[in-house]
Amino acid sequence: MIIVLKNGTPKEEIDRISQDLSDSWGVQPEKSVGQHQVVIGLIGDTATLDPRQLQDTSPWIDQVLRVEKPFKRASREYRHGQASEVVVPTPNGSVHFGEQHPVVLIAGPCSVENEEMIIETAQRVKAAGAKFLRGGAYKPRTSPYAFQGYGESALGLLAAAREATGLGVITEVMDTADIDQVAEVADVLQIGARNMQNFALLKKVGAQEKPVLLKRGMAATIDDWLMAAEYVLAAGNPNVILCERGIRTFERKYARNTLDLSAVPVLRTLTHLPIMIDPSHGTGKAEYVPTMAKAAIAAGTDSLMVEVHPDPAKALSDGPQALRPEQFERLSREITDIDEVVNRQDQPAVALV
Amino acid sequence: MIIVLKNGTPKEEIDRISQDLSDSWGVQPEKSVGQHQVVIGLIGDTATLDPRQLQDTSPWIDQVLRVEKPFKRASREYRHGQASEVVVPTPNGSVHFGEQHPVVLIAGPCSVENEEMIIETAQRVKAAGAKFLRGGAYKPRTSPYAFQGYGESALGLLAAAREATGLGVITEVMDTADIDQVAEVADVLQIGARNMQNFALLKKVGAQEKPVLLKRGMAATIDDWLMAAEYVLAAGNPNVILCERGIRTFERKYARNTLDLSAVPVLRTLTHLPIMIDPSHGTGKAEYVPTMAKAAIAAGTDSLMVEVHPDPAKALSDGPQALRPEQFERLSREITDIDEVVNRQDQPAVALV
Amino acid sequence: MIIVLKNGTPKEEIDRISQDLSDSWGVQPEKSVGQHQVVIGLIGDTATLDPRQLQDTSPWIDQVLRVEKPFKRASREYRHGQASEVVVPTPNGSVHFGEQHPVVLIAGPCSVENEEMIIETAQRVKAAGAKFLRGGAYKPRTSPYAFQGYGESALGLLAAAREATGLGVITEVMDTADIDQVAEVADVLQIGARNMQNFALLKKVGAQEKPVLLKRGMAATIDDWLMAAEYVLAAGNPNVILCERGIRTFERKYARNTLDLSAVPVLRTLTHLPIMIDPSHGTGKAEYVPTMAKAAIAAGTDSLMVEVHPDPAKALSDGPQALRPEQFERLSREITDIDEVVNRQDQPAVALV
Amino acid sequence: MIIVLKNGTPKEEIDRISQDLSDSWGVQPEKSVGQHQVVIGLIGDTATLDPRQLQDTSPWIDQVLRVEKPFKRASREYRHGQASEVVVPTPNGSVHFGEQHPVVLIAGPCSVENEEMIIETAQRVKAAGAKFLRGGAYKPRTSPYAFQGYGESALGLLAAAREATGLGVITEVMDTADIDQVAEVADVLQIGARNMQNFALLKKVGAQEKPVLLKRGMAATIDDWLMAAEYVLAAGNPNVILCERGIRTFERKYARNTLDLSAVPVLRTLTHLPIMIDPSHGTGKAEYVPTMAKAAIAAGTDSLMVEVHPDPAKALSDGPQALRPEQFERLSREITDIDEVVNRQDQPAVALV
């Protein structure tokens, strides 16, 4: 962090500020004195400092600027510039999420509705190349009167589908009280967009062992999102996958959210964590999903989550954004072709320095 | 809900759609047949229907339009156009939140730091006219490395301040596991902006008896917010206060959030629930708080929450947006003067019909 | 501007960067050398420098931070902390816009429709206390098929209303080709929100003598807005009034725009220019206008622009946001009462240092 | 447009409303009477009607809903579902923009700086496959103190580069007064994002013959954008290309704008006009440009505009978002590979009905 002092700050005030910084805030101030300006750099653990608050400690302070990133464990530097991988054991073998691995496909319905549909869907998406089945047991719904998911019994059906197909299972946990129960069935615990800053939940999924899929909140900046990941990492769980699923903007008439694909190149430079794109929530409309899925692959995502339902028109939730299995099969083939081309273009297209 | 059919829809398709609506969706379709168009209105419980999904049931459907509001218990119509009031018993007597009552002031620090500061603050804000003490025991912080609140021990200090001053206590609950513990001390349970769509938490605070202060999420539309209130109401708790605290927009350089004061007149027409404004989080800067507090009063808010700290520069969290006690005293006097003028202008300024 | 170098930057690179700064960019670099860090401050005219570009001049540069404000003539410092006033001569005498003067009311229809309606409206709003008549001759409409204003003939009607009542006239200019024509009738030239960054127009209204009312663009940050004002000021016209009229956010269902009243206290600290609030466009709905007008007054605006139409249901444009004359009369009385109270609270409520 | 009446509306009021609709608004009302509801459909030219205004004509009106699209000439239906193509003659031959044609590349510097740089850049981008040279003569800059472009003399340099390479020229026009001059040199006239709703400019470029490149405004909805195109089309110019260049959202720290790639599939269903993507402005950072360019190709854009500068670090404007020529060459090859794969996947991936 850097404190810029106003022109003409008296020497005594500079000293007082420096003293106060080390006494009250536990950081080591380092003065840089120039002809017209004095800048105080802060050495030490500045992650907990609030620039706005330091600003108020003296009327001679012009500005306080955070020059270091607020996240540590999530930062690319923490891994010396290397990407990390999240390895998830499934009955069919370990699946690797990460920059150096082929794109991982996750597919399945919004909600688990009954045994037949979830097993049929699992078989279809497996045949099309998916490594994971997604499916909601506990559903976050805007309306309390909308279908809330079948809860515990849906978890049983997911377990059955896992056994029948060998696919890994990804499902959402919404309440700290349900973590153990969900973690018994799920291979990856999903934190939904609405809970991205549910810090109680983040701490507790950080304290258990299953990998965590962290969806970006609708109004979360990239920094907010990485700080939410930092909660999980700081609690001891190193396996976090970041999933972009659309942000909320002024344009909501045609696509429900604005899928921010630039998150892919931005995250690549900031963090070592693997990246997932969810074009189903990102657009809210099945018609746009294949196009945006292909764009996500070309942008270099590490994994892709797509909603698939055997009969979208009869789905208990989010049917309008689900593909039919045969649509997913076709998309999977098309994605593979694009992925191959992009991967052959193996070195970074722009090495700027 | 209204289904608009395309020009030229065959009669058999109209009949098939109507049959499907009553068979699959449990609503009673009512055809309105004109010369060039057919419109199907849906009678019955349409709150759980998703317009996007109905759209997909026939290629002859041009549009599906929700004409009724998605919320029921929160709606003004539910109370036949009358405002409700939330009455909170405190040691100093019952406090009434509502359109027909004087503005209620809530003040106190972001976090409870120690006994001396919380009791001193409570005494100062009480003397200035506040009816409630606010203070965080569990704090939602963007960074896992920032001060997270003193938790249970802070609850004890809030209880002591309540006893010492007779003020009611409002404090945040972040985890379903903490509800009972927090409800033992708090007179009103606060659900923070980041948890506005933490539906597990909403259901559980709806199932207990303490009134609930529901802050608006940073990206929550008015409808989203009222639907979150609906979760609490539907779970059996009729005492919900809605608090606007700033939304996230493209402008974040000077004020941290954009305080949406138009929420006051908008909510008045939509809901019977009492309204609160929080200009401290709404602007993030103490300098702007008095101005926006006065604007909130002129806009007709039912209550006002302001952060006050005996020494903002040394606060453990959010010091930069806290007023000093003497600033709050002055603000309280100014607010009272404006409130009196506004209340004398007692009838609605515009009766449009 | 401040350049923060990476830890360990070689001395030769520091010298090279410094040399390049003065050679290529015409600024005087000033090194501040500390034990672990080197910071280069730039002295001179940095307003034209792009921080992103300086960043790219060396891989050893960690960050480039603009610490000074990008605007000069619009800044409060430019007037040594004092507010400026814009004095507009009208047939009824000079009207003063500014912090030290009573609130100025501007009222009138969205569009000038015919002589009778514009003169009647002018008389009614004058009687209610307005000093200026607003009315569109050239109208920016989203649709090319919507009424575009009566243009030149409407200007004639505005002139007639001005003569009949002595009110000043404010009307919008949309095309550089129309400036002279509009300036013949208007006492103040309005630049609409959609043209806030029409720099050709800004330069040309800056080169003529009539005062300029500059509406904030729907996606304009405060800095963007002040830089647009700077265009007018830099071109030689010192008389600019800033008008907040709602910004575009994710919430557009009930109020058309989000009226950002915090712009008032924010602008007060940044600029000397007078401030206007337009709650009619700010909300898009007559029902919300009086409430937000009163809030604007309590927030300390210098002037208020309100749409008034003798028969809103028959208005050729924006009828739904117009007040009827009797509603405006009532609002004017209520505003006056609030303004008096706020003005008696004459010193700043918070002097933070 | 559809008017939904409240339950229990008296027959006389229904008749009065119907009469008023045809008398005052010139549309033919068509009643659809059901058992519990009455809906009035409006036949005729409803494009000029404002739903909010009709709403105010009777207290018995529950809602007024626009069911038809506000644009006509820009709509896909206007061309019976077929894409249109914009054919631009250039010295090297006609270039076709449209769904059925290969991706068109446009490249060049933000600003034209001198003869050598513009001709060198033109030669390099031509060699890499570009069909058009972009380059600013008149530059919209946030600051009046920033470089504003060399204007007329830069137009002369563009003409020289056109002659030297045979590339078509695309350059921005900002002032109605400059249209003729710019149109003498430019093969395509660019309307910048800040002028997307400069309706005076739209009308005048619609009244001349050169094709128009219409950039999306930073806060423009898809509907706003298509209505802006409608201005050009309605004025008689059928050749409009739509360019997405990033919208303004709450996230502005890493990428300057949020590139909304879902605009591609959304526009495909709404309009017949050709689509362009500009990842340079869309991200504001050269580092992210290749990734987003590839994603745009995978999403199916018809053309791509990329900023290229021989020495970005010395560019007079927007250097940080410009690629060097060799980076553009590489990108061009990579894009071609992806484009081929996507085009082989020739039928729509999802035929939803």
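We call the chains A, B, C and D, going by the order they appear; numbering starts again at 1 in every chain.
In the analysis below, a contact is a pair of C-beta atoms (placed from the backbone, for glycine too) under 8 Å apart; a residue touches a chain by one contact, two chains touch by 3 or more.
This structure is a prediction, so every number in the text was calculated from the model and none was measured.
A.B. asks: Which number of steps is the smallest that gets you from chain A over to chain C via touching chains?
C.D. replies: 1
A.B. asks: Measuring between mean CA coordinates, which chain is farthest from chain B?
C.D. replies: D
A.B. asks: At what distance in angstrom does the C-alpha mean of chain D lie from that of chain A?
C.D. replies: 31
A.B. asks: Using Cα averages as centroids, what's the distance between chain A and chain B in whole Å?
C.D. replies: 27
A.B. asks: Enumerate the residues of chain B that touch no fewer than two other chains.
C.D. replies: 56, 219, 248-250, 352
A.B. asks: Touching chain C in the complex: which residues of chain D?
C.D. replies: 24, 45, 47-48, 50, 52-53, 55-57, 70, 138, 140-148, 174-178, 194-195, 197-201, 203, 217-219, 223-224, 227, 230-231, 234-235, 248, 284-285, 312-315, 317-320
A.B. asks: Which residues of chain B touch chain D in their complex?
C.D. replies: 2, 4, 30-39, 41, 43, 56, 59, 62-63, 65, 67, 248-250, 252, 352-353
A.B. asks: Quick one: which bits of chain A touch chain D in the complex? Just the residue numbers, please.
C.D. replies: The touching residues are 219, 221-223, 247, 249-251, 253-255, 258-262, 264-266, 269-270, 282-283, 286-292, 294-300, 323, 327, 330-331, 334, 337-338, 341-342, 344-345, 349-350, 352.
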